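The following pair of complexes shares a single chain, chain A, combined with chain B in the former and chain C in the latter.
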Partner chain A sequence: MLDQEIIGKLKTILGSDYVSDAAEELFIYSRDQGVQDPHMPDCVVMPGSAPEVQEIIRLAMQKKIPVVPMGGGLLLSGLTVPLKGGIVLDMKRMNRIIEINERSHYAVVEAGTSQGMLDAYLRKHHPGLKHSLPDAPPSATIAGNIAIHGSGHLSQSEGGFHSEMVTGLEVVLPTGELVKFGSCSTVPAWFSRAPLPDLVGLFLGWNGTTGVITKVGIKLYPRPSLHDVMVFMTEDIDLAPMIISRIINTEVAEDINYALAPKPDYLNGFQMTVINVTANSEAEIKMKKQIIRDALHDFYETKEAGFMPVPPNMKAGFLEAPQKALSKFADVRKGGGFEYVGAIMPIEKIPEACRAGMEITARNRITYSLGARIIGRGHCAMFFFAYPFNRVDREEVERVKKALEDTNKTALQLGGIPWKAEVQGQQLILKQMEPETYRVMKKIRDVLDPAGIMNPGNWEVG
Partner chain B sequence: MHELIFNTKLCENCKTLDCIMKCQYIEMDLDEAGREHAKILRGEESRILKDCVTCYACEEYCPSRNHPFYLIVERQEQLGIHPVPKPIEKSQVIMMGPRGKIKQKELKAPVIDMCFFDIMKGGIRGKLFEGATTIGGSDVFCNLMFLHFARNSTIRERLPLIMDNIMKYYLEPAGVKEIICYHDECYGTYTSWAPAFGIDVPFRPVHLFDYIYHKLIDLKPDIKPLNVKAAYQRPCSNRLCPETDHFVDDIFNLIGVERPKRTYEYKNALCCGGIPEAAQRFDLVEEIQRKNVEDMKSTGAQYGVFNCPFCFWTLAEPVAKAGMIPIMMSDLCLMALGQ
Partner chain C sequence: MMEKGLVDILHRCFRCGWCKLPTNYHDINCPAYLRYRFESFSAGGRMWLIKAWLDGEIKTSERLAQVLFSCATCMNCVEACAIPHIKDHLVDIFIAARQDMVETGIIPPSVRDYFKAMNTNGNPYKMPRADRKKWAEGLNIPAYTGQEYLLYIGDEASYDDLGIKMSRSIAHLLNEAGISFGALFEDEQGDGNEVHALGELGLFAELAHQNISDWNRRGIRKIITISPHAYHAIKNEYVKHGSTFDVYHYTQVIGTAILQLPKRREYPSRVTYHDPCYLGRWNRVYLQPRSILNSIKGLTLVEMDRSMQNSLCCGGGGGNSFTDILGTGPDLAGRSRVREALSTGAKIIAVACPQCYRMLDDAVKAENAQEQIRVMEITEIMNLALP
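Now for the complex of A and B:
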């Protein structure tokens, strides 16, 4: 419980509309859709500007109150659940799009700008440009996504994780200073992190434990006028790495996703590699599709695998960005529970990860959707194990928790690393991490956050 | 098990081998055609079995109606030739299979059998279908499409159950004796494939165009001639019931649609390209679609008219891109009725 004096100070900083310690609001901010146990915040605030964030952080540092930054809160692994109470800093009001640079292909946005807002803005005002969209619901924020090394539609073709597409950051440090990193620290433009020593990484993938991101410079890419999809269907899981590599090597696919699920029944036992192709003319799209077909010619020639004809209604679904299919799947068990465990892993491990996922879900009697998005030109895969569940069914929740633990262990055993790991997953990673690496991590954090207020409980040796 | 009724003698004495010589997708001279066809008769591998795009046309080309295509499918299946990649084939077999989820519903004639395409039942509307009721979905699906997958066995296995479902759950309780087949596939199943395999059909199938034509005669005073030009995309399954093809002209005449002569129509019709795509014959798909759409366009047609939903899904976009309006025949007729 925060005493009313602090609540009063927060109200003075933000205005009373943007500070709440009402029980019903705290309840909502105490949990996400995953299986992590809820923890009550003491207070929820919605800052509207970087100076307001600074004032909140200074107050929190002075009083040693935990602060948990939150964007869309759509992570599913409890990273915005305030493990040690304190203040949840809901960033959604900071949603201004500050600059679009058409020529140098970047956008500067406030941290709480949602994926959907940036996409809609670009479609309307800069139809020739797009950013890499994750398949998360559109209310996911730009900063929340880079803070966990998210990935999306251009991760394969345009350079990897979304954190790699960051051109600069503005951050409120846990000690209250407002700092810029990247070219924007030296000149007015946000075009690049090079050639300066790269300090941006101090905030990417740190899950809000090193500071509050207030602005993001993010790369934009051309938005070709035509978009088509090809679906390659297989029955032999072991073919996946070879097929995916062949498609990557063509260098003409925009996004490559691999998926398998037990439902609907007519897809059970089959795998689909969904290949997105974009172009600016019919001739270009035709050529790209032909190149991809040629790359897989020997597979479909034997009739052991092949391109599935995609009827228009199905195609419309595949062409959507973000994809609604996963959000729909998230609700198959009803009751609002969804665990979406990711693991970044080498592409050659996909077959083993699929088998492990099926084995784990069978053992724990839960349903699944498994798949992978290819990152970079085949530098790794973001493998997902998605487990929907009914939150009201406590027994099912326990089974999913167990599956989550098994999945994290398996991912590490396979040579992958759990993505956006919840506290228990973080512990597993830290156990396996070189001790010197962890020591450096801790030193950096101690320097940046001497009062230990930023998202405490995460990335700490337990 | 129901076996294909096929008269080998007819083929042995056949001088023209129309089934192969008229095929638009396999090039052979008469000698080679004779040799290759003889292999099929003997149950041996033949180039025909691999090159066939399963367009069904030879069922129409054979002057003796000796079911050359059904024999091709039998042989493909016996020899393990898969026109379509195996995972796609297996998945389709599951997807289209009867679910046993049939629910009795009140029906009255005319009963339109939507085949698998229950989602198209929005098209059953207006004066043309006044009072009509529909059935559709996997439990009444004829399964004839498995001809494209070298799986006569699937049709054989499912058809008796499907017809049973139609009778027991729908027609008998409603006291109805005939169904209007929305899709040529169903009509072809009941009038061609089932008799070819010695399977009795317990109801009277009526072709959709037969129904529409007679309905339009009744509604003649309401028809406002459309005065447009149209090209028609004949579906593969109409090759199984060529006796119904004249209804296209009959209907067009009634609704004031001109059908300028084009190369790829009637017996010379071209496939929509959907099945060759499933069979991974991508070069062919492109060529067929280009020839087909250019041919439609060259006649000055304003509309590309379809009856098969699958042809529509496959060709609607290229037809629209070529500047014509893709439309289902029933919708074109509704337009003429001012609806």
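Now for the complex of A and C:
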């Protein structure tokens, strides 16, 4: 519990409206939507500017109070749950869109800007441009998503993880300095991380242990006016890598997702490869779809697989962005929850991952949705093992926890790496990581955060 | 006690945050979350806190009361929620939780004062019932004696100066259109919509029964309301207490009677229309107010980014225009709405609700924007365009 003098100082920095140590805020910020155990913060604060973040961090450093930065709070793996108490820094008041560069195709936004608000802003003011939307709800933040190496609907066609689309960062270091990284550190524009030494990576994938991101530059991409979807079905799991590679190699698909689930019943046993295609004319979209059909011709000629006619309501769901389907998945068990391991892995591992996922869920007596988003032009996949649960069924929650543990281990055994892993998953990763790599990570963290205040408990050997 | 059907779905909220934004994601669209920004004040946070409260994980407190009573019952969460089987019940749950809190006796002082005024004076302004006739002074408005419609004025349009401007303007236009109507003046009493929204369902039932019985006794069959809040209460809540009236918001009646009105002259103006939540999201009346405005020659109607089902509440719903739980500051929904209206280049914010009128008029002053924009009720604009 923080003493009232510190709460008072925080209120002096932010105003009393944006500092709370009330039981209600402590309860909500002590947990996320997943199955990780709650940990109470001592207070929750909501800065409105980078200088305010600096003041909070300086105070926390001086008093050695843990600080946990938080964006949308939708991680499910407890990365913004304050394992050691302290201050949760909810960044969502900082949600200004600062710049859109129409010619150099980038946006600069404050860290709390939501995916939905940037998308709406672009649609209104720059209708020819878009950013890569994750499958998260629209309230997810841009900065939170890039910080966890998120991916989205342009990850296949436009360059990989969202962290790879970052053109620059502004960060408050754990010692309180406000620092820019990328071209914005040298010239007044946020177009690129090159050709400078690339320090942006010091804040991506670190789970908030190296600083607080306050501004992000991200790449924008053309927004074609037409959008369509094709769904390729097969019953043979082993065909998946080949099918996916063929589609990737056409270079005309915008987004490629692969999925299988036991429900609805009529789709049980089938795998769907969902292919999004965009274009600026009917002729172009027709041509792209034909190229994809041609690439998969021999599969449907031999009746091994085929395109599914997509009814209008299903198509509307596929074309929706962001998609409500993921949130609806939380209601599969009528219980307001799901968990998942998103494992980044080579594409050829997809069949093994599917089998392992089905085996793990059968063993733990839970249901599932399995699938993958293709990242880059076939450079890897974000394979998801998603398990819905009923929040009030404690026994089921425990089974899902066990399934997560099994899945993390399996993902690593398969040659993948769990994405935005919870603390236990992080420890499994660190156990397998080369010791020298971990030593460098630790050295960097010790230099950046000498007081050890930033999201303690994360990326630490247990 | 919250009914079992609602308790049973509390845990199904995933707290995914769709409820914070409109369906086009333009900006935060939940007045309580916009004002306070803590997750606890979003609809999802409120769901989780109500569950924790009913499970005994958190105690009754002033802060919890603030979380519960800051909801503007604007229905944005219902519109935007991703989970089909719970979305329709979100606001029902919030009202039921308020009811539970009312029963504990721990409620914010301003809510307590509101109930007290309603109990003692029959209106939140603590004004005598006799003053209910003042709105019509100088107008030739007949008392209800069997005309086609009862014009139900309601508390705000009887006592609040902006509300009175509105009721006078509407009554004038109904007269111009040749609509057969009468009013009850000092025989009228509050409809109780805010009493209901604030969770005092006992008092609401009493008001509903009294009104239904009085109106039945007078032979009233058709009712025109000034306020969308009254429209909602009488149309959708009174039926649960046995009423069978045909209920219309005035924009529906005037929208249909436009052709009966005298030929209008031009009124060149740039206007944006603010959808009242209780007319829009609650009752899906979006087009009639716009048709009235579009019937005015020279008037250019411009839409805000958040309009129709995505409209931002003025912040006055759910009793907030009386209880003021949302307080002050630039993040008040009304002020955000005025800034949004200014961004359209409009010179007039057209309203169709006396609560929106008051909230937005105050917000224009708080934004110091009186030189750039003003708030007008739809028929006030119509009346300016009449010869």
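We adopt the following convention: the second predicted complex is superposed on the first by the 462 of 462 C-alpha atoms of A that agree within 3 Å, B and C clash if a C-alpha of one lies under 4 Å from a C-alpha of the other, contacts with A are read in each partner's own complex, and residues count from 1 in each chain.
The rule we apply is simple: a contact is a pair of C-beta atoms (placed from the backbone, for glycine too) under 8 Å apart; a residue touches a chain by one contact, two chains touch by 3 or more.
All values derive from a computational prediction rather than experimental measurement.
> Which partner does A:Arg93 reach: the first (chain B), the second (chain C), both, or neither?
second
> Answer with first, second, both or neither: which of chain B and chain C does A:Asp3 touch in the superposed model?
neither
> With the two structures laid over each other on chain A, which partner does A:Lys124 touch: chain B (first), chain C (second), both, or neither?
After superposing on A, A:Lys124 lies in contact with chain C but is clear of chain B.
> Determine, under the contact definition given at the top, whether A:Gly337 touches first (chain B), second (chain C), both, or neither.
After superposing on A, A:Gly337 lies in contact with chain C but is clear of chain B.
> Is A:Glu395 in contact with chain B, with chain C, with both, or with neither (first, second, both, neither)?
In the superposed model, A:Glu395 contacts neither chain B nor chain C.
> Touch check for A:Arg293: first (chain B), second (chain C), both, or neither?
A:Arg293: touches chain B, not chain C.
> Pick one for A:Glu235: touches chain B only (first), chain C only (second), both, or neither.
The first partner, chain B, only.
> Determine, for the superposed model, which of the two partners chain B and chain C contacts more residues of chain A.
Tallying touched residues of chain A, the top partner is C.
> Following superposition on chain A, which residues of chain A contact chain B and also contact chain C?
No residue sits in both footprints.
> If we count contacts the way the header does, which residues on chain A are in touch with chain C in the complex?
Counting only chain A, the residues touching chain C are 17-18, 20, 22-25, 27-29, 33, 44, 46, 72-74, 90, 92-93, 114, 116-117, 119-121, 124, 137-140, 324, 327-328, 330-331, 334-338, 390-392.
> Using the touch definition up top, name the residues of chain A that touch chain B in the complex.
233-235, 264-270, 290, 293, 300-301, 303-309, 311-312
> Could you please specify the touching residues of chain B with respect to chain A in the complex?
Those in contact with chain A are residues 82, 84-88, 90-92, 94-95, 274, 277-278, 280, 282, 313-314, 316-317.
> In the complex of these two chains, what residues of chain C are touching chain A?
Those residues of chain C that touch chain A are 11-18, 20-21, 24-27, 36-40, 45, 48-49, 52, 57-59, 61, 63-64, 67, 82-86, 305, 329.
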